[in-house]
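The two complexes that follow have chain A in common; it is paired with chain B in the first and with chain C in the second.
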Partner chain A sequence: MRHRLGFAGKKLIRMALLLLGTSLAAFLLMAASPLDPLQTNIGQAALGSMTREQVDRLEEYWGTDTPPMERYLGWLGSALKGDFGTSLLYRRPVMEVIGQRLGSSLWLLLTAWTLSGALGFVLGLAAGANRGRWPDKLVRGCCLVLSSAPVFWLALLLLMVFSVWLKVLPIGLAVPIGAEAASVTLAQRLRHALLPALALSISGIAGIALHTREKTADEMERDYILYARAMGERHILLRHVVRNVALPAITLQFASIGEIVGGSVLVEQVFSYPGLGQAAVSAGLGGDMPLLLGIAVVTAALVFGGNLTADLLYGAIDPRIRREAAKR
Partner chain B sequence: MRTWDRRRSTLLLLIAAGAALLAVSVAGGLLTEQAMATDFSRRDLAPCWGYPFGTDWMGRDMLARTLAGLSLSIRIGVLTAGISAAVALILGTVCAISGGWADAAVSWVIDLVMGIPHILLIILISIACGRGLWGVTAGVALSHWTSLARVVRGEVLQLHQAPYLRMARKLGVSQGKLLRLHLLPHLLPQLLAGLILQFPHAILHEASVTFLGFGLSPEQPAIGIVLEESMGYLALGRWWLALFPGLSLVLVVALFALLGERARLLLSPASAQG
Partner chain C sequence: MTPILTAESLSVSFTRYGRGLSRVELPGIRDLSLTADPGQVTAVVGSSGSGKSLLAHAVLGILPRNSRMEGTLLYDGAPLSPRRAAALRGREIVLVPQGAGCLDPMMQVGPQIRRGRRGPEVRTQCRQALERYGLGPETETLYPFQLSGGMARRVLIASAVMEGPRLVVADEPTPGLDARAAGRLLSHFRELADQGAGVLFITHDLELALTVAHKVVVLYAGQTVEEVPAEGFRTEKGLAHPYSQALWRAMPRNGFQVLPGLQPEGLDLPEGCAFAPRCPGRRPECGRGQIPYIETDGGRARCLFPGEVSVS
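What follows is the complex of A and B.
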């Protein structure tokens, strides 16, 4: 048990350092930007008609007059205490905005993550076990097309078919237009999240299916499978192959968090879904540095957390790895 | 003797796909003028013989716009994939050869770049470069080298222990010569296949970032722009504005993906003769 804790501790320190690096990199990139947040948000004409004091006050608000390193250290100091600053566009604490947005995005992310993982795994197994025959060719063809299609175009297609043509699902947003926040029912929320979640799931399937297929096909060539076949064993796929394919599949599943979060930025934009991704786009377009910085750190934490979980799950699933780690 | 083996048909497919992509890129480049020409006498035409992809609300020919956009995408894709492959080769080799803290530092940077979702990272880099063509090019080029760099690093580490390289070092062959004569030829097939397999990602990410408004400017006939504009007209039933440009993009990207897959099979000795 002690070595497991030590292992987890080391990983946690590495993750903290990576997060620090992420925030610094994101900050430097934004600080290097030639785009002036004042001009973007207020406009040339309005700026020209303002007095010097007004402009100074605005500069102070958007933080364009302090040197970048000083600003970063200031941000880091309060971020470590849990204060990520105030969003300039929404005029609320960054963590509050992110918390609310992540809350509505989490529905999408979780559904898409589990659905694409499960479907991808099953399709990959089916293709790998039938290598070279029609199920394999079908799955591979579909995956090629799916992985070549941009996720926002898939979203547009779904929108055209289900919302414009068949008129069965709403065209965007997370709740009906004009509804009170309190009066929105769960069914309405689900109806609005259905298409975005579907688009996101479909786009995630291809990668996982293709990788699982490769691993399954390799595993099917092994001698023990031949032996099991020769012994007349049935359910070889479920009893042997799945166990051996599960480990790489889990790595992949947790590594796909980044892809799903990235895809959600695009999907939310298409459906005007008020989630984290949409907030990232408006923060980026509007030069809202504290919010974008906060989003970068939070999504990176999600991704690193996923990798950490995968590393820890290995030991729990595969006894060989556990023993290996104990020996060291 | 088989005269029509897989090697040959693969080669033929490679040439055909390459030619098709080249044709699209050249045709699109020539059609850029036409893609921006407005003609209000032919507004909102559904696909017909004269305009197979239809026209938009300003009477612009969607076929010309699609081809011009694809051409732009292909050129950006080739440029960014080339840059990221070069970065991957250099960093991966440096990592593996120098070892120690340089290796640790580069590996850490790779983890860092992989930790931020691609789209977000491209947005950040694009903002740092002031958006536009250079923003999106830098963004895509600087975010796609990581996985290939890992592959190169692993490969070089493995090769370093190969008997022929240890022998060469003992014989006093200089580091530079070692790299040029013994390591590069070994890495080339992997690198080439990796390079072609980067195109699909590069093109898709370019289109996505442009779609979000962080890439090419709205005047340019890019695929991302075309699809972004089509969003406003979906509810009016103008399905052709989104369907055909997107479908063409899928076709181009799939062609690149097939090309890369086949090239990988052809270049790796284990599968080349199958």
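What follows is the complex of A and C.
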């Protein structure tokens, strides 16, 4: 028990440090950005025609008149109390904006994450079990192409094929244009999220598949596989290999949440999908410091949560760790 | 009595692709001949790389894909085709491997030795097999990392005897065991033979082999160089091949005299007798042509001058 508490304590301290570091890095990058929030949001011409007081008030609103360190510490002080401020672009509390955006991103992320994990695992298993033969060559070739194709390029390609040429799927957004929020059906939401989810999953498959292939090929060489064959066992792949490859694959899958979240920024941009990624881009370009810091903290917490889950699962699944822990 | 296993001029080679389109045939074992009788422990002795594991894998029909097998392999008097081997392995022909490393680290012992078969009778069989080697039912829920070296061997041998095998192939089952545990393990093999099974006991440890074996087959560079009743190893005189004699002299109780030089491997095989370069009694004829495997008192030897060269 004491061991468990120590583990949790260490993880919590790490998380706090990570969130602090992320917010500081995001802040510094933003503060060093050459984009002037006033100019980008109000426009050069409009600014020129304003009086000094009007400009002063705008500077105060966008926070550009405060020295950076003071500004960050101010944000940090309220954030520690749970107040993440108000989004300057959306004029609503940051957490409310994030909550809504995350809501529409979440299931895009979830679909992509599950799909890429499952497909990548199966493909990697098939390739690794047939190392050097055609299934392996096929899977490896596809993975190399996929992993060297940028995700936004994939997204554009899908968009061109399915929305522009075949016209079977909508070109963007999360709901039909002009539809009222309450009248949107689940089917419509699904149709709108299909392409972005597909683009996002495809880009995630390669990593999982190649990793699983490597592990599978290694396991196939192990003595226990030869012994199982010697004793006339059937279904060795399902009985033994999957069991041994699943653990590292699951760990990688949870650790890959960061990549999916990162990829979603680009994919949402291409499909004009109003999710968290798109909000991050607008916040970054529009100088919305509170929103950007909020998003940075929330995504960092998501990624950290993924890694933590991976660690915990490892302990729960691997008998070597589980039994050792039970002994204590 | 029909031998349970007969190998006649068995060879296993590997194809390697070199630069460009060139292909090389790497010999693993060649000219391997032996017989193993039911009710007997036949020890196969040879140093590392002499082809012992390949022999085991050939018998079980699990040679790697890039290998080619030639010669004859008979099981119970009939050819042991890959298909027949596949049908028999795990039941009539079983393997006792080296150690716990041959168990799936993520699977409990019980399901592992039941090998995917279900049903109450399989469970009983499994429990009885474990019990026979002094392992309680709680062993079934252990993972391989929880087994000691000796326990792991007993699990492996229990797994082998579950279905009453007729040929037990044990490929170096003793490394890492202390003398007492190794002795106990060997007595289990002897017991299996006494109950009628043929046991092919593969080892590099001649001294250990002699404690249980009825017959010893000596391998050198992928060939059988001598097949002799275990009594032959009581004195140097009982042995026909100079390599067997060298093995005898290298045993601790006979003075620990180790023969200098190394066993040739792969493509470095010399013309004629493979042992000639190290043989104290080599003659010019030994470096030419094929050396026949000839009958000696009670056995066979691959030497042009069997029993002649002994120098002490």
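We take it that the second predicted complex is superposed on the first by the 318 of 328 C-alpha atoms of A that agree within 3 Å, B and C clash if a C-alpha of one lies under 4 Å from a C-alpha of the other, contacts with A are read in each partner's own complex, and residues count from 1 in each chain.
Here is the rule we use: a contact is a pair of C-beta atoms (placed from the backbone, for glycine too) under 8 Å apart; a residue touches a chain by one contact, two chains touch by 3 or more.
Everything quoted here is computed from the prediction, not taken from an experiment.
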Chain B versus chain C as contact partner of A:18, first or second or both or neither: first
Touched partner set for A:33, first chain B, second chain C, both or neither: first
Touched partner set for A:252, first chain B, second chain C, both or neither: neither
Touched partner set for A:202, first chain B, second chain C, both or neither: neither
Partner chain in contact with A:303 - chain B first, chain C second, else both or neither: first
Touched partner set for A:230, first chain B, second chain C, both or neither: second
Winner by number of chain A residues touched, once chain B and chain C are compared: B
Which of chain B and chain C A:88 touches, first, second, both or neither: neither
Overlap of chain C and chain B interfaces on chain A (superposed complexes): none
Residue numbers on chain B that touch chain A, as the complex places them: 108, 111-112, 114-120, 123-125, 127-131, 200, 204, 207-208, 211-214, 227, 230-231, 234-235, 237, 239, 242-243, 246, 249-251, 253-254, 257-258
In the complex with chain C, residue positions of chain A that touch it: 223-224, 226-235, 239-240, 243-244, 247, 318-320, 323
Touch list for chain C against partner chain A, complex: 57, 60, 62, 86, 88-91, 94-95, 97-98, 101-108, 115-116, 143, 145-146, 159
Touch list for chain A against partner chain B, complex: 17-18, 21-22, 25-26, 28-30, 32-35, 144-145, 147-153, 156-157, 159-160, 164-165, 171, 258-259, 261-263, 265-266, 269-270, 280-281, 284-285, 292, 295-296, 299-300, 303-304
